[in-house]
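First, the structure itself, so that you have it in front of you.
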Amino acid sequence: MATRQTQFLARSLLTPAVGLLFIWMIVPLALTIYFSTLHYSLLDPGSEAFVGLENFRYFLTDPAFLASLENTLVLVGSVLALTIVLGIPLALLLDQPVVGRNFVRLMVIAPFFVMPTVSALVWKNLLMHPVSGLFAWLAKLVGLTPVDWFNDVPLFSVILIVAWQWLPFATLILLTALQSLDEEQKEAAEMDGASAISTFIYITLPHLARPITVVILIETIFLLTVFAEIFVTTGGGPGLQTTNIAFLIYSQALIQFDVGSASAGGLVAVVIANIVAFFLVRIVGRNLEA
Amino acid sequence: MARKSTTQRVVVSTIGAWFFGFLIFFPILWMVLASFKTELEAFAIPPSFLFFHWTTENYATVQERSDYLHHAMNSIIIAGGSTLIALLIAVPAAWSMAFSPTKRTKDILLWMLSTKMMPPVGVLVPIYLIYKTFGLLDSRIGLIFILCLGNLPIVIWMLFTYFKEIPRDILEAARMDGATIGRELIYVLTPMAIPGLASTMLLNLILAWNEAFWTLNLSTSAAAPLTVFIASYSSPEGLFWAKLSAASTLAIAPILVLGWFSQKQLVRGLTFGAVK
Amino acid sequence: ETTLTIATVNNGDMIRMQGLTSEFTKANPDISVKWVTLEENVLRQRVTTDIATKGGQFDVLTIGTYEVPIWAKKGWLVPLANLGADYDVADLLPKIRDAVSVDGKLYAAPFYGESSMVMYRTDLFDKAGLKMPEKPTWDFVIDAAKKLTDKNGGVYGICLRGKAGWGENMAFLSAMANSYGARWFDEKWEPQFNTPEWKTTLTTYVNLMKDAGPPGASSNGFNENLALFNAGKCAMWIDATVAASFVTNPKDSKVADKVGFALAPNTGLGKNANWLWAWSLAIPAGSKKADAAEKFIAWATSKDYTKLVASKEGWANVPPGTRTSLYANPEYLKAAPFAKMTLASIDAADPNKPTVKPVPYVGVQYAAIPEFQGIGTQVGQQFSAALAGSMTVDAALAAAQSATEREMKRAGYIK
Amino acid sequence: MGQITLQGVQKSFGPVHIIKGADLDIADGSFVVFVGPSGCGKTTLLRLIAGLEDVTGGSILIDGKNVVDTPPAKRGLSMVFQSYALYPHMSVRGNIGFGLKMAGLPKDEINRKVEAAAATLNLTPYLDRKPRELSGGQRQRVAIGRAIVREPKGFLFDEPLSNLDAALRVQMRIEVTRLQKQLGTTAIYVTHDQVEAMTMADKIVVLNAGKIEQYGSPLELYERPANLFVAGFIGSPKMNFVTGNSAAQQGAATIGVRPEHLKIERDGGGGWQGTIAVAEHLGSDTFLYVDAGPLGMLTARYIGELSLHAGDRVSLVPDPARIHRFDASGNAIRN
Amino acid sequence: MGQITLQGVQKSFGPVHIIKGADLDIADGSFVVFVGPSGCGKTTLLRLIAGLEDVTGGSILIDGKNVVDTPPAKRGLSMVFQSYALYPHMSVRGNIGFGLKMAGLPKDEINRKVEAAAATLNLTPYLDRKPRELSGGQRQRVAIGRAIVREPKGFLFDEPLSNLDAALRVQMRIEVTRLQKQLGTTAIYVTHDQVEAMTMADKIVVLNAGKIEQYGSPLELYERPANLFVAGFIGSPKMNFVTGNSAAQQGAATIGVRPEHLKIERDGGGGWQGTIAVAEHLGSDTFLYVDAGPLGMLTARYIGELSLHAGDRVSLVPDPARIHRFDASGNAIRN
């Protein structure tokens, strides 16, 4: 427990971060709110006019909005599930005595090193292409019809690529967290007759609860704004199948350079992100305390 | 203190780890291989794995076309600088929230994260105007600043979790030993949190390294990092996979080296034996 | 000393120019040049933000025919009046010159120009006993595509763009629609996707791709199709004329010596499925280095530059599609078997009168209004869904129609 | 330097009151031992004095100055944590020397002092090991070393010898006392060991459930416990308490007799009769647990080996001069 | 069930030999106490038996079966860790009940057992707290609870009572012994407390620097220590050793007399003369540390209060029947 002095000190050490982030949030936010009420096309500067909530109405009544909302949630949810479900065993595996451990770890983290556009291009053209991709070749090799990834399962394909990129993030955070698990606790569990699986469920997993929470929340923030992967692979199509909120804002607003609706879209995205975060915190947030 | 692991177990986990590691790494390996092929070979079906005509022609082209070192240096300065500054601000902040929590700590944490919820496209114009006004366009400082702020919530969050796992007693012992808070952070907390710090640093460095929205939009040439370099290799007219692969390989090389070294900081069981 | 910052797209010809800059700086020792080479979409976003906010980061911009009229009308571009005595503006191809001029004033200097055409495999045509006419009709193309398709052998009759995007599938589909007598908007800016012409176009396209196209077509763009064609997977490919130099380059193409060229198909209504595009260099208004910039532009788009490239890299690699004189040059015609067809294709497109019926806009495969990019992307998504089979043609057209109406209403073109 | 005063110190964790108003005056240079049942608040009180916790009420004075708002580092105290709290990433040398390093001493002086402390603590061979490579007792000694190597105004020891063997414990006990006297440092020492408490303390504080039950010299506590709790807590084995008739005869609600003040006679004598339930033979002592029927279990201690066994009948005669009398509310009755 | 045999067990950490060949035979249902100086290898030996460390050499048999390759969970032992090793995210209830849950017991039975154990350990009010909200002694009791609530083949206790107060310690000592006898479970118990060792053990193992010095019943060790080390280690205060003339007279290199076997006489009597250096008054006992000139420091113990003080001269007369004789190599000489 802290004392008043440390608490005071703690507050003052927290201040720079809070202050900076506050400015970083409030200034663009204020400008964005302001712009969101304007008719403001970047291609037609000087024609700014106050239009009230028109930009919001326009953005929200877009028939693509609901579809993209759904896609966004599916994308975020699936990638989260995949990275956590695969990240935990992977982290555990990498925590084992493994010959050449440093090298294996590096291989596992590597996907995170590659810029999203590049990995999307590599996956799309060198691996997943139904005619000239490696997967198609492998499928034909074993006598299967190659999957037409971006045509038949476009959203899943995007999820796959994004999950591949974010798996290292989850793995590395969980792996690091495993380092602080006291060996003696595991020994105590073993003495208590716990099998490896029980030890995992009752000792390791609770220990990982907080890092998992962090992975979920941080990834969510990034996944809500996945854009490059979609733009490069499917351009949001076919139809609206891979259009998410971020892509929608981009295509409706930035390709069109309509600052007004970009701002409105941005604010809508903030609200959505907050709603998502709110529910996530309801689910996993108690791990943050104490 | 743990038991020596049986050879069998080592063998099993080694095989498993290498298998999955290779699986995950394969797309990148494939990309690296492509960077040594000709454009035509990069696309050949059936694909050639190792027995193709190895060529460094793509690298030569890339080097000839763009000043890799200039971009790499910018990337190192921008990503490194923003990560370091973020750490400097975040370590005290995370310490404060982990060891001196209040009722509002959770709210502050969530609020910090919420500052990252604003999609960059939504604020591009305001930021561009601000940067223009302050003459920060195409400056390293400007990019360091924006990436630092962008990553700050992430850094704080990650550090917060790692700090939470450190027994408070040990910090108190340092306090009793007459250490000021600053020294407590430097001599006691930081070394104990090395694995956490290393992974936080690595992950945020990569995030900054690969950040492609602000770096592309706020830099022109003087401060242009590797994202700009890469953007000049993706999807031009004509075949480009091999060249793009070469450029990407070059772009990830420095961070790969860094990844290798930060690896070693991920050692196990630092707090073991400290408290009972 | 003046330093010019030049924003350019990362296409092969531009990169070649970048490599040759030293020639320019040698001749103009008081000018140095910094390049910002970016991928097309990034470039567009980057340059637009900068010019609209008067950021002043660039002295020379690389922009397309889409932007030139829009930006020129806004007064964002400096008219190019001092390109020099020996520049010979009259030598520019008239269609291209029109596309980069507003009210008779040149606002950008075309660096290279392109249209679309049919590239086909002469060996496969011979084998099937088919002969490609100079000006094929869609009926012939469709028929040939079906005949040439050998899915088991991995050869597809025709490869066409399918990836959503105003510069991707919509570029092709707009041009194709033009040849079927369709148009984007009527004279009153009413969207026209509810017309039979569009329905025929899209139905034909979807059916053709279903029968004779490669799998994954709905995410294939220019690059994917180029790769397929070069790998020998396509019997025909209708796309940009610049592709001709790639598919005939033995370094990149397996089929370099087996490619023939033809005009983009038509339906006999007077319009071919030819589009028109030119990457051009322009100077943003307010640039303090306009003089130096204009000097550079004059150099980069001059006849001498063409000769320079020819002397260093061979005639086949000179920037095509901008000057009449090039197409009269026998050396070029010899080195570039596709030259004649390129010229014919460019001539066949008319941005000022792109469609059978009259339209209020300029631009062949786009409408040169600021709202088009967003609209084009949305419509492109619907059409790629139709191609992918996840939506019927009727539904896609209806969705496109309502989306376009919505945007046009918001932008104030229609009530 | 080193006079510590507590005035009405209180501490709660949320709704739970742990320390319920402690008043205490510790003279400069004296050695005070805190004893009390597990969980009574000893550690908490120590942490309050150290400044690691804020008081909920009351004030703490060091040398007359109220320090409730002074951070721990500035109070000039050093502490041995019950949980050791070693620095896991530092060697034994680094752990012991950390405080000196913080005080800005030159390197060689630090080394000299650390090595001297390590020699005192039998830690010399382990100077370059990390805590995780030490045994429990060795870790505890490092924690002690960390506290004694500095020259603070006061030592706070939280059960510093609990993991040491008897021989080492005696040695450490003597070392700590010697050092404390030599430096004239005030010391507060928490222990569960009766022998430690009795031999080291100038004064003992008996804590119970967050309250100070008695504060006095060891013999005072042994001979004149203020109440039933102190009487039962000080001394091992525990004092026997008898109520009812025997007590009433003495004009008390309860009387207490220590096991060592019960004379053991073979059955038939006077005193309290009973059957031996358990006989513990320590060699030097014999403890008899005698079932004395209505009086309950009585413990008696005999010096040396006594060949009595479970089941034997004995009679226990209390030394009349050593009988403690308590009133109904448990307070001692003084004549 | 529960017979444990060690055959030439060795353990090294890298180049350091910690256990240097231990042979031991622990009968089913017996209570064996390990004692030895801090760092001698008690915890290590316990961990070897538990299976938490691999032996470097030798074998460990449980009920005649070599278990060196059996994982800890399968050896059917339960353990109290010296460092507690509680599960930080589980409540006290969860901690104690974890083993039962793993054994697949139904919920209400677990609850019943946990509550019974908690009652024994005075932990009932804390059942729903997390370990970090407990005092040191409470944590230790949780660790004990975790071990005893199951019914294993054997208990391994590593200094389980070190953080408890005297009263509780006596109570726990009795509880643990009762439980062990009742279940007939073999128990190995590490302690530094002489009283615990002497009272609880069926047999005591004296360890020194990784070697077993003696294995025998408590009284055997007290009365017939095999060598100087055991003689000095068992008994508190420590046995007095005298060399030189007095020893030679007895035909030994060294003779030893326990403090309680020295009769204290006012100066002038026979025996060894000396000056009191320190007099410790415990109430029940008085310890005299006597400077006996050429013989060195001698410790004497008097039962009860003795009003002698530092500086007084006394004479110490050894009980002739209680003199231990050792040869030059330190081994006991038996007549």
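For reference, chains read A, B, C, D and E in written order, and residue numbers begin at 1 within each chain.
The rule is simple: a residue touches a chain if its C-beta (ideal position, glycine included) is under 8 Å from a C-beta of that chain, and two chains touch if they have at least 3 such contacts.
Keep in mind that what you see is a predicted model, and the values were worked out from it rather than measured.
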Starting at chain C, fewest touch steps before arriving at chain E: 2
Most heavily contacting chain pair (counted by C-beta pairs in contact): A-B
Between chain A and chain D, centroid-to-centroid distance (C-alpha), Å: 56
Chain B and chain E: spacing of chain centres that average the CA atoms, whole Å: 54
Rounded Å distance between chain A and chain B, as computed from the means of their C-alpha atoms: 15
Per-residue overlap in chain D, given as positions that touch at least 2 other chains: 13, 52, 71-72, 83, 133-134, 136
Chain B residues counted as touching two or more neighbouring chains: 1, 43, 45, 124-125, 231, 234-235, 241, 269-272, 275-276
Residue numbers of chain A (touch at least two other chains): 6, 42, 125, 131-132, 182, 184, 253-254
Residues of chain B that touch chain C when the two form their complex: 38-40, 43-45, 64-66, 124-125, 128-129, 132, 137-138, 216-217, 220-221, 224, 228, 231-241
Partner chain C, residues of chain A touching it in the complex: 41-45, 58, 62-64, 124-125, 129-132, 146, 148-152, 154, 231, 233-241, 243, 251-258
Sites on chain A touched by chain D in the complex: 1, 3-6
List of chain A residues in touch with chain B within their complex: 2, 6-7, 9-11, 13-14, 16-18, 20-21, 24-25, 27-29, 31-32, 35, 42, 90, 93-119, 121-123, 125-127, 131-132, 134, 136-137, 164, 167-169, 172-173, 175-180, 182-184, 210-211, 213-214, 217-218, 221, 224-225, 228, 232, 245-246, 249-250, 253-254, 259, 262-263, 265-267, 269-270, 273-274, 277, 281, 285, 288-290
Of all residues in chain C, those that touch chain B in their complex: 5, 7, 9-12, 15, 18-19, 34-40, 42, 45-46, 49-50, 53-58, 154, 221-223, 226-227, 230-231, 240, 242-243, 246, 251-254
